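Two complexes follow with chain A in common, the first pairing it with chain B and the second with chain C.
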Partner chain A sequence: MTRQALGLLACLRATLLRELQIAVSSPGKVVNPLMFFVIASALFPLSGRLDLAVLGSIAPGILWVTALLAVMLSMEGLFRSDFDDGTLEQLLLSPQPLYFHLLVKVLGHWLVTGLPLVVIAPLLGLLLNLPAAGYQPLILGLLLGTPTLSLVAAIGTALTVGLARSGLLLAVLILPLSIPVLVFGAGVVDTALNGLPVAGLFSLLGALLLLAASLAPLAIAASLRISVQ
Partner chain B sequence: MMQWLYKLGSPRHFYEMTTGFLPWLAGATFLLLGIGLVWGLGFAPPDYQMGDNFRIIYIHVPTATGAIWIYAMMAAMAAMHLVWNLKVADMVAKSCGIVGTSFCAIALFTGAFWGKPTWGTYWIWDAKLTSFLILLFVYIGVMALRSAFDSETSASKAASVLTLVGVVNLPIIYYAAVWWNTLHQGPSVLGDRDASANPPEIWIPAFFSGFGLIGLLFLIVILHTRNEILYRERRAQWVQELLTREPIHA
Partner chain C sequence: MLAVDDLHCERDERVLFSGLSFEVKSGSLLQVQGANGSGKTTLLRILAGLNQDFTGNLHWQGRPRASVLTEFQQSLFYLGHAPSVNRTLTPLQNLRWFCALQGYADDEAIVAALTAQGLAGYAGIPCCQLSAGQQRRVSLARLELTAAALWILDEPFTALDRLAVAALEGRIGRHAEAGGAVVLTTHHALKTPWPLSILDLDALRPEAL
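Moving on to the complex of A and B:
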């Protein structure tokens, strides 16, 4: 392996470790999206006297929508502190390819914000009376879908990081673009509940993840260069 | 090629070039639109199934088609702005965004008022309707992002990037909507009308109003771009001269 490739690997490793260390030092970053996910999904059964069977049938949609919102809200902090203290400028000036750097940064962020959502989702499934056949597709679907959501949301975050208040604007930008993941993700669970084969839908979710992983870093990089000026 | 592009990309050249053919475009637009609408709304025979309700077609179909193609145009302009840094391309893209949003909204509203008497409902979560609603959201997102920036340069670049991200996403959204619809809903009510089976008295006015609305689309885009040029280049000498030379109608 050449010296340059080794340098890149070390750099990516450092980026990943840094994301994890930040999460450990400020646990709110991990806990808040999780709490949002739990509380927001618990609001749906409270909003009306729902039949348990009806609740179980809309549970996939509820879990996916709230997971999507939780990912989006957690993404706002992805570049914020780096932008404020100038780390982002150093990142853009770094000789290492920005593409891989950003990919790993989003991966690190997903590990501390997205993965916990996947882990706690079955518990919420129980609360929402999700039928037994739905758990495996729910977990696998979220595992494939939430990284895609993180990547798409990172584009919006990168575009709005230079703006003072970007929360609602981020939602307007990101939510329409997240719809395919939502449709296929909730669709996987729904299809499994109807006893139909789900392999094709998993492939589509995987395809979306590959597409997002290959193209989103380019858009994130372009957006960051615009925001840091 | 590059020289031609450079020349076209100069705001002043664009402004002067469009001054010449603007009256012709405006004349042709209003002629086509006038013939199409008067003929279509007033004289074309009523449909045997839908009666007079079908006349919405003369507005609905051109605006819906226009809303899709104008996004493609906006994306091409956004790419040109990002790659060659053409200022005019971005001004055209901004105008496209405004016209596209209105066309998309008009298509959705006329569709709703067509749906009520013919399908019995204003709204149905059909694949076409859903993807149009999302297209409207994407248009609104681009406009919202553009207006959030103070700096004109950042706003242009950011809006261009988001427009291009939308291009990758829109086909996926369309197929997601088609897939989702086919799972949840039976055969669609759309598509039961065969265009070739319609008599010429119905489709000839549609042809006129269609081209009229396309003309209107370009007309508004060009007029808005010209305003944008004057505003952004307001400190340039040629704009100052132009504004002081022309008599001001107060």
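Moving on to the complex of A and C:
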């Protein structure tokens, strides 16, 4: 017999691995949000005769809003296929701790959709004439903020997965909840550009992430139970 | 094993069943019968714990199910209408995750289970390239990989060919013979050597509609 008993961590790794394997086998889900992020950000310089200095000063806001929309668009698929093919029922009925599996599932989804946004954001910063002092706070802010956005969006996704067309409803549910992350995330870049200390704002972004990571899985689990009924 | 007491369920202001009490004993085979829309799937989902929209009591091994939920879930295998197979992943990847949810890893057993379902050589092919019946077989391969005592199977014979139907009937009979219990729905005339009890939801309907 080669049967190996797995501890909780190994079981969670299997869930993470599955999420990554699904991303590899359907790369469109990874590439599309990224393309959206690039194209939507690139529209702003094209939309009018913006002064370069003005463009640089609104760049943090542009990048954060488009990143937020890209995360939201990418999240719609988080539970969709699992809901359609019945895998979600198996997860809900398994004796495994649902809380951790959902947390890991969102983490896996963020690794393939949120993290690429963080990586490509500096390039878009160049495009939008973001001043040099803004890059570090932009990257760090997105690194702390996009997982929070993913977790919050996952709640909305879980609630709407049973509906046939959930796109706009998801936006209406999620965007108001994303405002704090947006305010602090874009604020941290602005503050740095003005030469003010940013440690406090980073702490707030970190606190929001911890809050979302600890509470969102409970809300996601409850929402999924409603959705499969 | 699983005792159901005074179960009442309404859907869209229509009573599906009321005052329903029965027990699924170890070694028993229970077929839930009824016309389309009579609530077979709803009953199975209530038994599995997916549907909470009911009144009544459920006891697992003599104790209220809610208080022994993890134990109950460890002893439950549920197969719904959908095959629970991700179409972009391969059968091996799908079943590895299923095993991980049960808390173990065993590739040899997975390959053996797939071979028993006539899917030798298909372990590494994405499920979207398999036929509906083959996807169903991937799903049924999980029967060999679970240690659950209670099987709840909703229309398990869908999309299977005649040989696979006979094999599954045999497997269900052997599970009951080994002390397990099976609750299933099917519109197919079940042939199994093991005695079969039948729960007819149409006959139980409180007032003829």
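Note that the second predicted complex is superposed on the first by the 223 of 229 C-alpha atoms of A that agree within 3 Å, B and C clash if a C-alpha of one lies under 4 Å from a C-alpha of the other, contacts with A are read in each partner's own complex, and residues count from 1 in each chain.
By definition in this document, a residue touches a chain if its C-beta (ideal position, glycine included) is under 8 Å from a C-beta of that chain, and two chains touch if they have at least 3 such contacts.
Computed from a predicted model, the values in this text were never measured in an experiment.
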Touching partner for A:Gln229 - first (chain B), second (chain C), both, neither: both
First, second, both or neither for A:Trp64, with chain B first and chain C second: neither
First (chain B), second (chain C), both or neither touched by A:Leu159: first
Contacts of A:Thr191 with chain B and chain C, given as first, second, both or neither: first
Chain B versus chain C as contact partner of A:Phe36, first or second or both or neither: neither
Partner chain in contact with A:Ile179 - chain B first, chain C second, else both or neither: first
Which of chain B and chain C A:Trp110 touches, first, second, both or neither: neither
Partner chain(s) touched by A:Phe44 [first = chain B, second = chain C, both, neither]: neither
Touching both chain C and chain B, counted on chain A across the two superposed complexes: 229
Of chain B, residues touching chain A in the complex: 82, 134, 137-138, 140-141, 144-145, 148-149, 151, 153-154, 157-158, 161-162, 164-166, 168-169, 172-173, 175-177, 179-180, 183
Residues of chain A defined as touching chain B within the complex: 155, 159-160, 162-163, 166, 169, 172-173, 175-177, 179-180, 183-184, 187, 190-191, 208, 211, 215, 219, 222-223, 226-227, 229
Of all residues in chain A, those that touch chain C in their complex: 1-6, 10-11, 14-15, 17-18, 21-22, 25-26, 81-82, 84-87, 89-96, 225, 228-229
Contact set on chain C toward chain A in their complex: 48-53, 70, 73-74, 76, 78, 80-89, 93, 96-98, 100-109, 126
